[in-house]
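In this document, chain identifiers A, B, C, D, E and F correspond to the written order of the chains, with residue numbering beginning at 1 in each.
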Amino acid sequence: MTATRQPIEYADASAEVRSVYDDIMATRNTDWVNNYWKVLAHHPPSLRRMWENAKQVMAPGTLDPLTKELIYIAVSVTNGCGYCIASHTAAARNKGMSTDQYSELVAIIGLANETNRHAAALDLQIDAAFR
Amino acid sequence: MTATRQPIEYADASAEVRSVYDDIMATRNTDWVNNYWKVLAHHPPSLRRMWENAKQVMAPGTLDPLTKELIYIAVSVTNGCGYCIASHTAAARNKGMSTDQYSELVAIIGLANETNRHAAALDLQIDAAFR
Amino acid sequence: MTATRQPIEYADASAEVRSVYDDIMATRNTDWVNNYWKVLAHHPPSLRRMWENAKQVMAPGTLDPLTKELIYIAVSVTNGCGYCIASHTAAARNKGMSTDQYSELVAIIGLANETNRHAAALDLQIDAAFR
Amino acid sequence: MTATRQPIEYADASAEVRSVYDDIMATRNTDWVNNYWKVLAHHPPSLRRMWENAKQVMAPGTLDPLTKELIYIAVSVTNGCGYCIASHTAAARNKGMSTDQYSELVAIIGLANETNRHAAALDLQIDAAFR
Amino acid sequence: MTATRQPIEYADASAEVRSVYDDIMATRNTDWVNNYWKVLAHHPPSLRRMWENAKQVMAPGTLDPLTKELIYIAVSVTNGCGYCIASHTAAARNKGMSTDQYSELVAIIGLANETNRHAAALDLQIDAAFR
Amino acid sequence: MTATRQPIEYADASAEVRSVYDDIMATRNTDWVNNYWKVLAHHPPSLRRMWENAKQVMAPGTLDPLTKELIYIAVSVTNGCGYCIASHTAAARNKGMSTDQYSELVAIIGLANETNRHAAALDLQIDAAFR
């Protein structure tokens, strides 16, 4: 599968793939595309589908863009995904995340992973007030 | 271990445990304590230690209290912890989370879990720009 | 799949399945078999294979039987497996685990899950001394 | 533990270890053994036990060998195991997996991880029709 | 969040939601919709988006529909998602999965989870032949 | 975030950070501090908090220090945390873990991860005797 894991650069991309790259760059107001999309491009239906998902889900909504990135990082750290941590930490920083905010984020992620296991170990029953 | 998984009610608690319960209720401005603490109370050093952690980490800081709860939920959903999802969803609602915010949160959590796996499957190399 | 998830009782079991049940009871010095084996029994090759694995791996070795159960619980809590937590907590208790030992076990499991996520978030490089 | 993580080559292996290597190569019709087995070989009982498991579970049965590899990859990607993804992707390719099949596999793995989290977040009750 | 976790029945659904339900039933050739969609319906953009994803990813392609369900189950079991295991096991059975195929599937999932951890513990280096 | 992921050496650390480093070295009877603490030091409240947790939880108690490390490794392997596996394997070795003990530990971790998934797949009901 080595070949299918090489990023497809814009210059080498089909028109179909280029149109997605163009939309990614326009939406993000940047002049480059990161490896996730360039490797996914080996299967254009997946490239298009995932971009439509990301564009819809990560668009500003009732949650602001920085909060959305913090949530993304929380999941990525919990799953131990190095690539995702790197890419979404960069995105969060671009959206204004401070060093102290990052430290607090990491502290919450750690604590939640700890208490999640306590809850499993102790077989906690959900309090009536939470239902 | 059945006995050690029964919540210890305030009336049955030692002075040491009551002092933690008191601080939980005072800090949260409520008149009750949820099962996590009441079961952890079978081991007072753990009860005190975890409360000190939660109090410090979840206090208002450079991230606001609602954002902290959203991050907590993101971890708890990723780990599939039913108790934690219930308790922190209640906490987030108390801090103002709307129904639409919850729906957006769930969408981001799902998407992040999806792309985390894509990143693993595709053996993505971290872009130079992210370092 | 409902039917294949019903435990197969000894009275209803084939000779092949009974021979495994007999060995489980003899090895454990008990007169009953728990649901894991009774449901796995719908596929005798899996029943026999898994019992041979469990018998070999959980036998006394350079680690004592109680330590082996504590390790099993640590994995099961991290994976959030309610059945496995219940069955191996019972086994550990039968092998002498005290209430305080259980509390310490839960504390370590929680802490390890916390620092595991910190390590991912902080992209820690392994110290030369650890190699 | 550095020494115990070095692969044991055939030339350096004991007769007991060689007999497992021989069976691996004969069963797979190849002339080499991959690192998983060569590192596991530091503990011959584990080497023999795991090979017996793999041989039995991955043998052609009511599921064909390629389907078995796809299932293996799905688990390995979900767990983020780089070695396992690499080795079983190679095995799947040897058994005929096409590039498009791989892309579809990755899409399903991602989607399942996404909806698994939705199900947890939404506390879904199992439909009567599924029981 | 209790209210937002109640399934929205067809009779109570908006035209927008009904149109998705209609497409689900038509595509699957059934006369009912399962809880996943009926709870997701509280947020119509998520309902529509997820259905478009599922429809595209699970459609017959270079992998047949039953194989796709087996992959889905492998992920769901690894994540411990009870709802997903129930729903996709039912789907797989409807697509012809036999009892023995299910047993073999479960055996592979278990083995892969086991060796995934061995690979992590042993810090396995990827063989040159796998690259 | 690159800068905040660089270890802070003793010579460059503030008095507050140095006091924690000093306590780590005194408690462990060593003359160095590993990267986990040196990276966490970018956020002194987290550094102090986590050291207090680790010091309390990993202190000798009703479980001996080596057993505590084995439990830590079991969690770290299950979560696939390379840094944590390396650091706690080194710690366990320093506390007397033999090569055979390590092999047995790895075997139990693998088996538990396997049967955890079987339990989920088979929807096992907890035996009355375990309650």
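We take it that contacts are C-beta pairs under 8 Å (C-beta built on N, C-alpha and C of every residue); 3 or more make two chains touch, one makes a residue touch a chain.
Keep in mind it's a predicted model, so treat the numbers as computed, not measured.
*Asks:* Counting only C-alpha atoms to place each centre, which chain is farthest from chain E?
*Replies:* Chain F.
*Asks:* Looking only at C-beta pairs in contact, point me to the busier pair out of E-F and A-B.
*Replies:* Between the chain pairs E-F and A-B, A-B carries more contacts.
*Asks:* From the C-alpha centre of chain D to that of chain E, how far is it in Å?
*Replies:* 21
*Asks:* Measuring centre to centre with CA averages, how many angstrom lie between chain C and chain E?
*Replies:* Result: the chain centres lie 27 Å from each other.
*Asks:* List, in ascending order, every residue of chain C touching at least 2 other chains.
*Replies:* 49, 53, 57, 78-82, 86, 89-90, 100, 106-107, 109, 111, 113-116, 118, 120, 122-123, 131
*Asks:* Flag every residue of chain B that touches chain A in the complex, lowest number first.
*Replies:* 5, 32, 34-36, 39-40, 50, 53-54, 57-58, 61-63, 67-68, 70-72, 74-76, 78-79, 81-84, 86-87, 89-90, 98, 100-101, 104-105, 107-109, 111-116, 118-120, 122-127, 129-131
*Asks:* Under the stated contact criterion, what part of chain E meets chain C in this complex?
*Replies:* 80, 89-90, 93, 99-100, 102-103, 106-107
*Asks:* Chain F touches which residues of chain E in the complex?
*Replies:* Residues 73, 77-78, 80, 82, 85-86, 106, 109-111, 113-118, 120-123 of chain E touch chain F in their complex.
*Asks:* Which of the residues in chain B come into contact with chain F in the complex?
*Replies:* Those residues of chain B that touch chain F are 2, 45, 49, 53, 56-57, 131.
*Asks:* Which part of chain A faces chain D closely enough to touch in the complex?
*Replies:* 1, 4, 42-43, 46, 49, 79-81
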